[in-house]
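Scrolling down, you'll hit the structures one after another.
Here come two complexes built around chain A, the first alongside chain B, the second alongside chain C.
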Partner chain A sequence: MSEATLERGLNALKEVIDTPMALFFSSCTHCGMCATACLFYTETENPAYTPINKVEPLRRLWEQEYTLVGRIKKALGMSKPITDEELEEWKEYAYNACSLCGRCTMVCPVGNDITYMIRKMREGMAASGHTPEGLVGASTRAVEIGSPMGVKLPALQAQARHVEKDTGIDIPFDVEGAEYLMLMSSMEIMNYPEYLEAVSRIFHAAGKSWTISSEAFEATNSGIQIGSSDIARQLVSRVVNAAEKLKVKTVISPECGHAYTAIRWEGPNLIGRPFPFHVKHILEVLDEFRAEGLLKTEGFEDARMTFHDPCQLVRRGGVVQQPRNLLNMVATDFVEMKDHGIMNWCCGAGGGVSANEDAEELKMKAFNRKKHQLEELDGVETLVTACANCRIQIEEGLEENEIDMPVVGLTELLAEHLVEENKTEG
Partner chain B sequence: MTDINNETQFRQALKQMSMANQREAGALFVEQVAYLADDERITFAIRVAKNKDPADDELTAAHKAAKAAAIDCYTRCGSDADWSAQAGYFVARAASAIVSPEKDVGRDGPAWTAAANSRLARTCSIIDANDEAESQEAGKQYRILEDYLNKLNKRV
Partner chain C sequence: MNEVDFLLWVRGPGLAIATVIFVLGMTVKMFEIFMLGRKKNLAELRGTGVKEGFRTIITRSGHVDTYSTRNTRFTHIAGWVFHIGMFTTIFLLAPHIEVFKSIIGFAWPALPTPIIDLATVIAMITMLAMLFHRITNPVLKYLSTGQDFVVWTLTFLPLLTGYMAYHHLFFSYTLVLGLHILSVCLLLVFFPFTKLTHAVTLFFARWYNGMMAGEKGVQQ
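Up next is the complex of A and B:
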């Protein structure tokens, strides 16, 4: 990437102002509804965190460059130019105080996709060098090592050997012609390797062929989070190349929210052509197995359970019913949070927020919304989710608030109840 | 004499044990890797799990402390992998398992959960050392469990 400068940043911002963006700015009625939908605003009441304010420099640039009144004002010196200082101030609003959760977009009465606007605003922030250090590090590692957390192939192979020893089931690498290519998030490799064990057992029991690519095992895409389409494209291309080389039919995005959005919804646009394979979230695949009778479980959980919908799954991907179908197989006492499904509240750490150390305090304030949602439920004992980043944020938030509640991944929960007719002992 | 030579025998032996014995055996597994965390909360959990009849509040306090230790050292999404700290995370998870309240003990039981997490801790330390050697933790655990069960049988 070229050196980041204000000029490059402004050019990048001008480039992202397309027809939808111009329409969004010209139709905004300043009603404030997006503020009430944003947990960074509701939990802090800081007006600077109002979603539409997070793109204010972009709006001014649009006005100055693409509207008659704005051009006249600019020519007469009546409008404020965008400066490095201003973009540096906006770094907090556009990155720390936004998880790209998409809730603001859902409530906008004129249909503005505010999340898309913030995502595009980040393109200019990245090009001008006003990006959080944590995300810069993550993106650099993703490009250079292949994982935003610096997880190298030998580390994944070591975790795979551990799973093989525990289960007696081979973890297949680089198998050409396998039906599924399994992507992993570094968070799962490092913090929740039981996910790998769960999928290996479930796929073994279902009799389905799958593989991991040693050239592209990472699902996450920090290019999307930091706002660099160049990086995002490079990371998506790695997966596409691996999937094409291995001739798989379906690529599976793991229990990670933004990874799913990156590969499934942004991926084809980033590389400029359709994929010759399907992309599905692991929960979509497991629900298909359930419907085909390939996923069989036994026994039920005694605990009262609820489900935290990862934003990117429900709002961007419409994966709402699948987790509920799956939970129904193992939970008898399931309760929904008040705002669940497509209007669920974010955990507070998505969209790159968790990678920014200076967002630590703010993300815990944002977690208060989830805490209130849980307090509204009567006697819920276990929280289930399907995103490793949500999971760790919720675990941390519960710990900080001294709430003793286990948080489990849905895939692992299903594996706990799996009927394994052809069980291989380790 | 009990002989444990593979995973099937290991897990079956664990399954047949009482909850108190599972906690105690699990504590022996955690002891092997506790130095990777170097955290007093882990030592506390081991001590409580080894107690044949721990008080409920003692168990709760140890569980809470071990869980907090795990949350203190997990790797944040997007941060640079520190496999040494990550070993500590799995040690804390193993310690948390041996003092889990009965309602939260998974189907596999505290000893197996502790064994699996102790192995993960060892794997992390191997990755951290850039070592290509296979972890021998499972084999060590077989010997530890054999000794434990043999001593237990003698007591009976």
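Up next is the complex of A and C:
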């Protein structure tokens, strides 16, 4: 990142102000309803965590620069300028106490997409240097090493060799002309090797060609979390270059929420042109396999199961029905949480919160929301999800609260029931 | 200036000036907003989002979230009751319809005055309750700025003076009617420059919210 200054921050904020945002600011009546939609507020009752308050400096800048009254007040010296001290204070609200989960956006009675604004507010925070250390570290590692957790290619290759040994199925690297390019999240490489094994078996059984790129295997994007479009663009470009070089038809985002938002929705806008390939979440691809009869399972789970919707998949991504279709293939006792699908509650660690050490205590408080939701369900034994980041937060939260409940990824759950007919690649 | 002169001025030139400021102000306001534009979404979209945008204009008047519904019941119900009471009073009182008729040339049926009277009282009581809520609820207390109280007052005064005029309370009818029209003039003058604009912009805001979600295939 080039040197961060207040001026650069204010310019970045001016750049993100558009028609929807001006409408949103013009419509807010300070009714406070967004507070009760936000788990950082409900679990702390800190009024400063009210979602619309998280963009207050941005609102003032809009008023001062883009409204008649604001410009007159500014000219007369009657408006309060945005300062470094203020942005430093807002760091806590815009990063620690927001997972960009999008729930506030769904309840605002005047229709404000507050999450859209907080995401944009972070552009100014990053450009002015008011960002949490943890996210700076993750972004630096993502740019310099290729992964926010510092995972390098040899670690993935070693994992791939293990999987190959266990399953006898090749993990293809850099295969030109493969149909699918598989991305991974660092969390899956480090903590959940089951994922790679699961996809290799499922794709083998489905007879679909796929590959991993040794130049761009990381799906996560710290750039969109910290709010630096420059970094986000650089990280997305790696994937785009690899996908174009290998001439794949579809890029698959792994079980990770924000990685999907980054490549699926922000990606083309970051690089300024449409992608010549499709981007799908792994669950979308698996549901297509299911519909085409390419994903066959046998046996059922006896345990009572529920599904935690990753926010970026449902509310911010539109992948709602697919996990339910897939889960119903293997679960006989699947129950929904009270607020689920597009109104699910966040795990408390998305949007960069998990990489931000300053938010560690807060994210565990926020987890209590999920805990209450689970307590409302009668006798749920297993929690299924489709995001490695949600998964590690929920595992940590359950452990902290001494709740014994296994948390599994949906892809690996399906792989456990996979019917393998040893189909060879066509 | 005596009471009659005051009434004549405020219902003539006063109201005309206020209306001109309102219309010009709103034109500037909408221009300021739409001049900013929005970048074209280059992602592979699941739909245009247009349908979802229009749907959200309607659906956002209700609640979709069980937890928020439980915890914002007062705001939600009070919001509905106050707005219905206020709009009933503005648009369905016979003398108001006469004013609209003189401007736009046509009229519609009025409600009996006692019903309007009740609607006004309900709107005022609800507004007082909302004001109390604003100064006691921790979130609202934190969020509220001077402007929130200014727009509350600007909205409350026409209801109060209208009620006083109808019941011939405190001052002469001529003076109170003059004050009533003056309060409406103030509302019109401040409308484009305060958050009173939400009455217009919220429909566009809801549309964008639903449209941007619809582009991603999120149904609200």
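What we mean here is this: the second predicted complex is superposed on the first by the 422 of 426 C-alpha atoms of A that agree within 3 Å, B and C clash if a C-alpha of one lies under 4 Å from a C-alpha of the other, contacts with A are read in each partner's own complex, and residues count from 1 in each chain.
Here is the rule we go by: contacts are C-beta pairs under 8 Å (C-beta built on N, C-alpha and C of every residue); 3 or more make two chains touch, one makes a residue touch a chain.
This structure is a prediction, so every number in the text was calculated from the model and none was measured.
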| item | value |
| --- | --- |
| Fit-or-clash call for chain B and chain C when the two complexes are aligned on chain A | fit |
| First, second, both or neither for A:33, with chain B first and chain C second | second |
| Which of chain B and chain C A:399 touches, first, second, both or neither | first |
| Touching partner for A:379 - first (chain B), second (chain C), both, neither | neither |
| Chain B versus chain C as contact partner of A:293, first or second or both or neither | neither |
| Angle at chain A between chain B and chain C, C-alpha centres, nearest 10 degrees | 150 |
| Touching partner for A:77 - first (chain B), second (chain C), both, neither | neither |
| Residues of chain A touched, compared between chain B and chain C (which is higher) | C |
| First (chain B), second (chain C), both or neither touched by A:265 | second |
| Partner chain(s) touched by A:317 [first = chain B, second = chain C, both, neither] | second |
| CA minimum distance (chain B, chain C), superposed complexes, angstrom | 26 |
| Chain C contact footprint on chain A (complex, rising order) | 17-24, 26-33, 35-37, 41-42, 45, 47-48, 50, 52-53, 66-69, 103, 105-113, 116, 264-269, 272-275, 278-279, 314-318, 320, 338-339, 342-343, 345 |
| Complex contact set, residues of chain A against chain B | 134-135, 137-138, 141, 147-151, 154-155, 158-159, 161-162, 165-166, 168, 186-187, 190-191, 193, 222, 225, 302-303, 349, 352, 354-355, 357, 381, 388-389, 392, 395-396, 399, 404, 406, 416, 425-426 |
| Parts of chain B lying in touch with chain A, wherever the complex brings them together | 6-8, 64, 67-68, 71, 74-81, 83, 86, 89, 103-104, 106-107, 116, 119-120, 123, 126-127, 132, 134-135, 138 |
| Residues of chain C that touch chain A when the two form their complex | 28-29, 32-34, 36-39, 41-44, 46, 56-57, 60-61, 63-68, 71-72, 75-76, 79, 137-145, 148, 193, 195, 197-198, 201-202, 204-210, 212-213, 216-220 |
